[in-house]
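Following this line, the structures themselves.
Here chain A shows up in two complexes: once beside chain B, once beside chain C.
== the complex of A and B ==
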């Protein structure tokens, strides 16, 4: 091989090199660090080199740690409930507003405002609204003549509901925006064809619109699910996991393990478990779309060959 | 009673009127083709009949009943769309049976119907493919199939062949003509392609600028266009138009322009109004000009060949007649050279004369 040919062969890799370097340091290094830390019995007072290597013991401990398992269960419950509610409300709103209404763009801007507020602020805002005496909810309830307000943040059931409401308030707009965009890019003529074929509004939604939006909806769902599993700030500010462990989600558990219990290795192991779970979700999502695409491409090629 | 009737149909978008009072009657089982250039209002008219566009004025009658207030599904129509409008998430069989399934027809009936239509359209092997897995021609057939599985009284076609390549379009046009023989229904077909219009239609409706220019059988429109627009729109290669003057020369009625003076037949002289004398536009189709080196001066054109377009057996010659362009057809094996002067005899019965101002036929 001549020198020129060899240089040409290497050119693409040279273009890739800077991005690769950044990727390695910005992404792989911290993750590698975390994976390594999860094998250590490591307290913040030690340098990482001084910590004892204990293999998989951190992971083994987690599987029998009732508090961690409880936080895992709370997280799953929380993610399932908020994502379900957000999907239903978000897609429902999009269906309602998918028409030429005057001022729709203004309405859209208003709808996405919650998404743009920092989660800490959202948490504080809701904490004031949930306040047992001066909060707007309980004041309204009392003004309506009821003796008792709702123990928003002091009852384990109500506090779960309270954090769910706050999350739904903040993140439904995300789904609304994506669903509306997907809806407005649906092939108009297919909907007209359905109208001619005799479909009523409801049938058009259920039989045409929703199935056609499915790819976008699935991706949206997964994105929200991934985010919901990592939720932290709003809950930290609202309930700090309480009362008891009723709203202690995994991210909060990780934070407290590292910060309060000074168990960096164990916290790293928890993070890794969460990461593996989320990665499985993401990989599943990519594989699903890849397989679909490949199948369609293959069939299309065959069909075009038949036309020749 | 006409099957479908448009009574003074008007369409406005805001203040902008795009259809200016369309009046039309379509007989039972007629194949009607709306043809015209882009923006002439033909698709809008079709979509109003379908119920996909609201009616701004006038009324549409189907079977004598006004339908402009009815939903599309209440009008008993089937429609084939330009981009096929197949349901991407359903396979071919589900696409074709969608309407029947909505009507809750018995499963056995649906299956039988789908099988029949699939067989007729050559789709039997593709029933379980999704539209994304079909070629353009196959998708087109599925769109037809979806319309055919329904027992609608009326079929609407909105430029169904315009997304296909030339070869496939010709093939599908022939298949449509064949299907037409098997399926006796009201059909309304929109196209901008005059060849589709001529080959498929029982009745052609030529539209332009939101007005109907003329309607009639293909032969009527071809032979007796009412104005210059219709004359120029139908026929390929298109009719030649020449600035000319209608005058009496030696007691004979002639049409003369720079480089030609052609005597009109006697019958023609009787049928023309006296006021017609003066400047006119003369129309003559390439097919009515014959290469004839020995033709007399008052029956022929002297043309200089500028461009020769070889098509196959025939060539189209673009010629110059004292500054005006004239297209003629000629057998390709005729030995001619560019720049040569040739004489073409005019079929004087086929001369069309149009008012220079109004462009109406005289």
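== the complex of A and C ==
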């Protein structure tokens, strides 16, 4: 191979090299650091080099740690409930408002306000609204003649409901905006064809709109799921994981393990377990997306063929 | 000739005097230096900031203060103290950091400074420092590793420390002819009587929220009711009779509190008292500064103070902050001089007048201080029973503390069985202690 040919062959790699170096340092190095830390008995008072290497002991401890397992279960429950509710309400609202309504852009702006507020502020705001005596909910309940208010933050079931409501309030607009955007970019031809075939509104939603929006909805769902698994501030401010461990999600457990218990190795192991779970979820969802995309492409092709 | 002799004599005398004065000034060598100190954003340290310029005026040593929110301060110190050369010459640390910092050899042992005649002020009067605070915050290496004892050493000096005190509504007590509780029986009795006498008002505002707050509230009652978390061999005894009594006391207090008392942290419990919704408040002395502040309190002029009620023994909490010299500090001698000055009788008095928490018994009895803050007289009495061992100061405490807090939260909110909850805490505490090597010698 001539020198010129060799240089030509290497050129693309040289262009890629800076980005690869940045990627390695910005992404892989911190993850590698976290993986390494999870094998250590490491307190913040030590440099990482001074910490004892303990192999997989942090992971073994976690798998028998009732508090961690409970927080893992709470997280799964929380993510499943909030994302389901947000998807139903968000997509539902988008379907409702996918029409030429005067003032729609103003309405859209109002809808997305909650997601612009810092989570700490959202937590504080809801905390005061849930206040047993001066909070708006219990005041309203009492004004309606009930003797007792709801123990929003002092009962394990109600606390869970309280954090779910706060999260749904803040993040449903995210689903709504993406779903509305996806809906408005749907090929009109498919909908018109359905209309000509006599499909009613419900059939158009179930058979045309939702299937065509599915790739966008899956990515949206994935983004929300990842976020829901990592949610921290709102719950920290609202319940701090209580009562008992009823709202202690994994992110809060990780924070407490690192900050309060001063066990950085164990906190890193928890983070890795969460990361593994989220990666598995992401891969699964992407595989599903591929299948859905292929299905959508087939549908579009069929619709186009019908148009022709 | 006589004049010349007089002049020389006067000159020599002046020189001798000035030399003597120069030698007598321990600060001169360090004048012009700048010390960097790390303090938390806290009412005591806000008062300190008002007094610090006096130190510079008196000594010529400048002080640069990095005042941070408490958790941020802890985070920053964690990084700072592991460096070879630190930026901080003096740090304030919360009592729990004592266990971590001393164990990691990151705080200077103060013996060598107090032994240095050029640095140690003979008039310092260390015996006047509140011994409960010194044992809790300053000393490590003695009994149980974190208390004073024959093998203990001094690593810090209490500065911004706190104890527990009972605040009560004098007007409400007078109105109903109630006696100020001096023991736990009376305390629980009056706490539950008040909601009957004053409908809508809670008895005693207490912390109870899941986690640290519930644990703190429980420990507040555990020590006076005769309990401890561990015996002298580190066996968990939190589930013994005294432990159960302390948990029952907390449950009674919360049940007789205002609606939603189960969710109260320190701020909410304090707000309930300040807003006039609760008749008593039993917690840290740091709270006292807000009671007569009309912008924060609706009970200005209506609150009186009493020592923490006695159970089977008198024992109020100890906590808050101390100051120490990091092992990697750049100006250790000058930092010691600042530390000594800040905790001297004179500065303690100035800081107390400015609204800080005194570290000395004498300050609590000083007429000038009492003229501004009359409640400090009662605080001084209460401090005679300050218990440095009301909770363990060991590196694994954070995990045990959180477990106590979540278990008791279930007792307070879901009526979980107290004995069962404490048995669970004891079993898990044993596992944690075992993992940390506390039973190696058993």
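We take it that the second predicted complex is superposed on the first by the 285 of 308 C-alpha atoms of A that agree within 3 Å, B and C clash if a C-alpha of one lies under 4 Å from a C-alpha of the other, contacts with A are read in each partner's own complex, and residues count from 1 in each chain.
Here is the rule we go by: contacts are C-beta pairs under 8 Å (C-beta built on N, C-alpha and C of every residue); 3 or more make two chains touch, one makes a residue touch a chain.
Here the structure is a predicted model, which is why all the values come from computation and not from measurement.
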{"item": "Partner chain(s) touched by A:154 [first = chain B, second = chain C, both, neither]", "value": "second"}
{"item": "Partner chain(s) touched by A:203 [first = chain B, second = chain C, both, neither]", "value": "first"}
{"item": "Chain B versus chain C as contact partner of A:241, first or second or both or neither", "value": "second"}
{"item": "Touching partner for A:190 - first (chain B), second (chain C), both, neither", "value": "first"}
{"item": "Partner chain in contact with A:43 - chain B first, chain C second, else both or neither", "value": "second"}
{"item": "Touched partner set for A:282, first chain B, second chain C, both or neither", "value": "neither"}
{"item": "Where chain A meets both chain C and chain B, residue numbers", "value": "none"}
{"item": "Contacting residues of chain C [partner chain A, same complex]", "value": "71, 78, 81-82, 100-101, 103-104, 106, 209-212, 258-260, 262-263, 265, 277, 395-396, 398-399, 401-403, 406-407, 409-410, 412-414, 435"}
{"item": "Residues of chain A that touch chain C when the two form their complex", "value": "43-47, 61, 67, 131-133, 149, 151, 153-156, 239-245, 248, 256, 259-263"}
{"item": "Complex contacts: residues of chain A adjacent to chain B", "value": "187, 189-190, 192-200, 203, 207-208, 211-212, 214, 296, 299-300, 302-304, 306-307"}
{"item": "Footprint of chain A on chain B - complex, ascending", "value": "50-52, 71-73, 77-79, 81-89, 98-99, 102-103, 129-130, 132-138, 146, 150, 168"}
